[in-house]
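Next up, some structures in structure tokens.
First chain A sits with chain B, and in the next complex the same chain sits with chain C.
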Partner chain A sequence: MTTFLDILVLGTLWGSIYALISVGFTLIFGVAGVINLAHGAFYMLGAYLAYTFIGVLELPVILSAAMAIGGTAFVGMVVDRVCIKPMRQNHAYVLLITLALALLFQELMYVFFGPHGKAVQDFLKGEILLGNVRVTYQKVLTMLASWISVGALWAFIKKTKTGKSIDAVAQNVEAAVLMGIQPERVYLMTMGISAALAGTAGMLISPILEAVPGMWAFPLFKAFAVVIIGGLGSVEGAVLAAMLLGYSETAVSRLVSANYPDMVYLVAIILILVLRPRGLMGKRAQ
Partner chain B sequence: MDRGRSTSQESEEGIPLTYIEEVERLLGWRALRSRMAGMAVFAIAVMLAPLVWGDIYHLELLFLCHYYVMLACSWDLLTGFTGNVNFGHAFFIGGAGFAGALLNKHLGWGPMATLPAGALIAGVCGLLVGSFTLRLKGPYFAAVTFCFAALLYKWIMIRHELFGGEEGLAGIQSLTPDPLGNYYLSAILMLSTVIGLYLLSRSSFGLALRSIGQNETTSQASGVDTTRYKITAFVISASTAGLAGTMYGHAQMHVGPEMAHESLSSLVLMMAVVGGMGTIVGPVIGAYLLTLVNESLRFMGELRLLIYSAAVVIVILFAPRGILDLIIRGSSYLLPRKGKMAEEK
Partner chain C sequence: MKGKRTFILAVIFSLAWGIQLSQAANRDFDKADTIRIGSLGPVQLPQGQGIHNAAKMAVDEINEAGGIHGKKVQLFIGDTEGKPEKGITAMKKLVLEDKVDVLIGCYSSGVALAIQPYLSQYKVVYMATGTASIDLTNNVKKDYERYKYFFRNMINSDIRQQKWAAKFVVEFVNKKLGYNKIAILAENAKWVHQYAPALKRDLEQAGLEVVFYEMFDVDVKDFSPTFAAIKGKGAQWIAHIVSHAASIPLVKAWYDSQAPPMGLCDVQSMDSKFWEMTGGKCLGEITYNFIARAPLTEKTIPFWDKYVKLFGTNPVYTTGFTYDGVYMLAEVIKQKRSLKSEDIISGLENIAYKGVLHPQIGFEKDSHDLLEGRYVMPMVQWQEGGKQVVIWPDEFKTGEFVPPPWWKR
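This part shows the complex of A and B:
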């Protein structure tokens, strides 16, 4: 029973974090066709900014969080303008420049903050007991904040005029241009939102995992997995796949062995690509 | 639909010249004789290098260059020509490296047996992986190749009693008894790889691969069996990487899990891109350049990798077609007559 509850709680936590990381990744792909390998670097940036504002400058948590998210969004928009815009249509180029940027960010963090992990104190102290499972408030906060962010994104895209322009560009660029939408502005905004979501995830995770220079790889791989399992470009698919991945990884680690959870997503990607390449909820590629 | 190759400039008649045509103009059959002369100069330089840099440090550094040249060129054959980004080259490098090491340690095979065995094993793996992943396109292929390499890395870590875990396997028989022998063996393997792949890329096979890279659907419609060509290119690419991996394992007398790590895959990819994808010659330049720059920045200490990665970003940003493209452009500025003649063909 405890094991089951454990899987349920930890699986939900990780599933929510994966969802938060991967919706941004899938959004920018769906809208601009950009596979952003620097997505993990934005996550890392969020964590390090949170550490700088909370741990070093000792600013209030709310202000620090807002500044960490805003800072990441700004960097995301700069990256889009400077590095991605010139060759946006060339998949291979975008993959390479964003990978190179991720490595550059890693080295920057290494030089500024050193190779050792930087822990941020919990935003909220205390814990609640669910049956026999202790859950810190920080984890509850992370879960809630993830769901609020994903929900807000959903409402923004479906309900506001600006958000609908993103959806329009994702569906058909030419038609969107005819409706008076400027695709480049939409791409810039989407990149900002995508980076902000990654930064939020990094900021929220910084008290749970330490901030280290190599931390960008893990969320990137997970986002890639989630997005492929869910279907590239599908936000709903990404949320579904993120929860499935969260539960199955926790279940494997609790029931089989702590060695194997990382195998889950790799095997899942291969199976999905061989059996159903468009993912669980992806559209059929032409 | 392929949006990968953008047109770069317009010829005088107003017909857009694609990048490949542009390279063709300078590296085509017409120019092959001068290219082969260039290759011969390069080969002689490689063969004579130990006379100048005969100490162990330089021999090992140049050996490392040969290793990376083999990896970058072999990666280029599939990705540079067909545009399918292979993110898991380390799968073949590490896989063959460990296979060679195990054959050597447990069955006592010497390097002359494990080198072809490593290439064969990697080639068979390439055939298996390629035959059911190369129907995937773009990001999907990149993801699945990445997964195979990551799975191998995890497997090496988990089965540490067989693969030695993080420590890897030590005590493998040396490639040849002395560093000079290692140098010459690797030089011969590297030169035959480069020349072989270059000739292959100039053949009708290379032409078919290029047509896939430009527009796969059109190429299929013109009767090119695109899947077969892609799989063949992948197998050749994989077995060359396997050969290099086994060679590296023997020369270091050690194989470690880092040979299957994604950072090796991305390093190889960076080398090919910085040099110039889809040209075979470009990755040679890229591999030499990045290996030597990386080594010469060693005095910078902690800042070394920062400068290195910033330089890679700048090259990709300002010369997205690589150093070779810069050299070609630079030389057509310096030698305007030659450029004109080629245009008038």
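This part shows the complex of A and C:
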């Protein structure tokens, strides 16, 4: 029973984080056709901003969280305007410039904060007991905040006029233009949302792991795995795949060895590409 | 005709290059203005900073005392970045551009193994002060002529550290605390490949039960499932062996999981900033260190205090070895009045130096590994308020072992 609860709790935690990272990654691809290799850098930025506001400036946690998320969204929008917009239709260019940006952000963190990990204090102290399994409030908060963020994004896209404009551009950009929607504004907003989601994930996970240069690669790989398994461009598929990945990785780590969780997503990617290339919930290519 | 000319030019170039290589070190002592020492280490990591700081401290002291036969000692820094290819580049730069006479330092056995084959090419003596794999000194033993330029005054991991670790677990954890169910959690790195299996074997031979054994990849980020598994196996003590892996997430996961007491070797935890780096979650963690503010020799505490005063931080494990290493090289050069590698090698093979870590440092003649002797690795525990307290062995302890706050015997 304890083993099951371990896998349930930790699997939900990592599934939630993967969902938060991947939803933003797949959203910007679905809307703007951008494969953003700097997505992991936004995750890293969220962690470092949390460290700066909470650990260095000692600001209140809620204010720090808001500033970290807002700051990451702002950087995402600047990146879209300055680096991506001029060559948005050139996929090779976008891949290269976003990879270069990720490496640049890594170097900046290295220069400003050094190579060592930076600890961010838990936002909430304490723990609850589920059977014999201890779950810190930080982990509970991370799960809840992840789900609230993903739920809020879904509600925003489906229920608000602005959100529906994102959906419209994702479905058919020409038709959206005819309806009076300005695609560039939508791309800018989507990039901001995408970066904010990644930044939120980085901010939430930083007290559990650490803020360290080079941390951007791990979420990027996971986001790739999740969107391939879930279906590129599908938010629902990303959430489903993220949870499956979270549970399966944790089960392998708990029952077999900490060395093999990465095998799970690599095998899953290969199986999906061979058996169902469009992913679990992706649309069949026309 | 053209081919013949090209061939002759190639021969001349090769000869010139060969002469340059052999003359890179091995200068004439009497003609040398200064004695040049090259310090290798990753400048961004505490272990590398420790190497360079300790080397500087020793060089400054030697110069203040009049140098070596009146000649000043100059220190040159090479940044290995902790990567083998960067280590080779840094070493070549020190030897070929800075024209150093001897090399010292290095953190990471992988980097030192990459550098080692070049030493005979340049005929330059290298004292490794932060690398633990026994493969390095086994190379000397297997092919003396090729590898004789390599010395290590650090304690090797595969035999000496491992034996010390087994002694700690058996004498302290088992006999004193009464725990007999041990989990071994070791990173999968070069320096641990023989260490971890031998530790398991020794503990089992001593009658202890190793209930969990894992060598994890250094890229693992989340250790929560691992600690859950360790708890599930009923372990009473976690013997961890970590240097290159993500130590901060590991310690945080240990604390958050309220896993059994954890104590053996965590290189990052030897750093006095580790308390701050983990937000205090290393409370209760134990690691051996190679240096502590304890009277390992009469030189240890004065060295410690001066280092703290100069650099504003506690010495990490590489510092003592490097500081002693610079003095040993200086003593041999002074004694031989020579910068020739053959003279330095013979001098080091016969040295008996009283350092800050050992009262009589010397080397095995066939392997150039540190002579077995009175080596001590104090077990240091993080206690309330971020204090580092030596808890074992008894003759050096500065306080008692305190179990982690959540742990009930």
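Keep this in mind: the second predicted complex is superposed on the first by the 286 of 286 C-alpha atoms of A that agree within 3 Å, B and C clash if a C-alpha of one lies under 4 Å from a C-alpha of the other, contacts with A are read in each partner's own complex, and residues count from 1 in each chain.
Here is the rule we go by: a residue touches a chain if its C-beta (ideal position, glycine included) is under 8 Å from a C-beta of that chain, and two chains touch if they have at least 3 such contacts.
This is a predicted model, so every value here is computed, not measured.
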Contacts of A:P60 with chain B and chain C, given as first, second, both or neither: neither
Partner chain(s) touched by A:P277 [first = chain B, second = chain C, both, neither]: first
Partner chain in contact with A:N259 - chain B first, chain C second, else both or neither: both
Chain B versus chain C as contact partner of A:G151, first or second or both or neither: neither
Touching partner for A:G131 - first (chain B), second (chain C), both, neither: neither
Touching partner for A:Q121 - first (chain B), second (chain C), both, neither: second
Contacts of A:D6 with chain B and chain C, given as first, second, both or neither: second
Overlapping contact positions on chain A, where the chain C interface meets the chain B interface: 110, 259
Touching residues (chain side chain C, partner chain A) in the complex: 44-46, 188, 214-217, 220-226, 228-229, 232, 246, 248-249, 252-253, 256-258, 273, 276-279, 281
Residue numbers on chain A that touch chain B, as the complex places them: 29, 35, 82-83, 86-87, 89-93, 95-97, 99-101, 103-104, 106-108, 110-111, 217, 221, 224, 228, 232, 259-260, 262-263, 266-267, 269-270, 273-274, 277, 285-286
Of all residues in chain B, those that touch chain A in their complex: 1, 3-6, 79, 83, 85, 132-133, 136-140, 142-144, 146-148, 150-151, 154, 157-158, 262, 266, 269-270, 273, 277, 302-303, 305-306, 308-310, 312-313, 316-317, 320
Touch list for chain A against partner chain C, complex: 2-3, 6-7, 10, 14, 110, 114-122, 127, 133-134, 136, 138-139, 207-210, 212, 218, 250, 253-255, 257-259
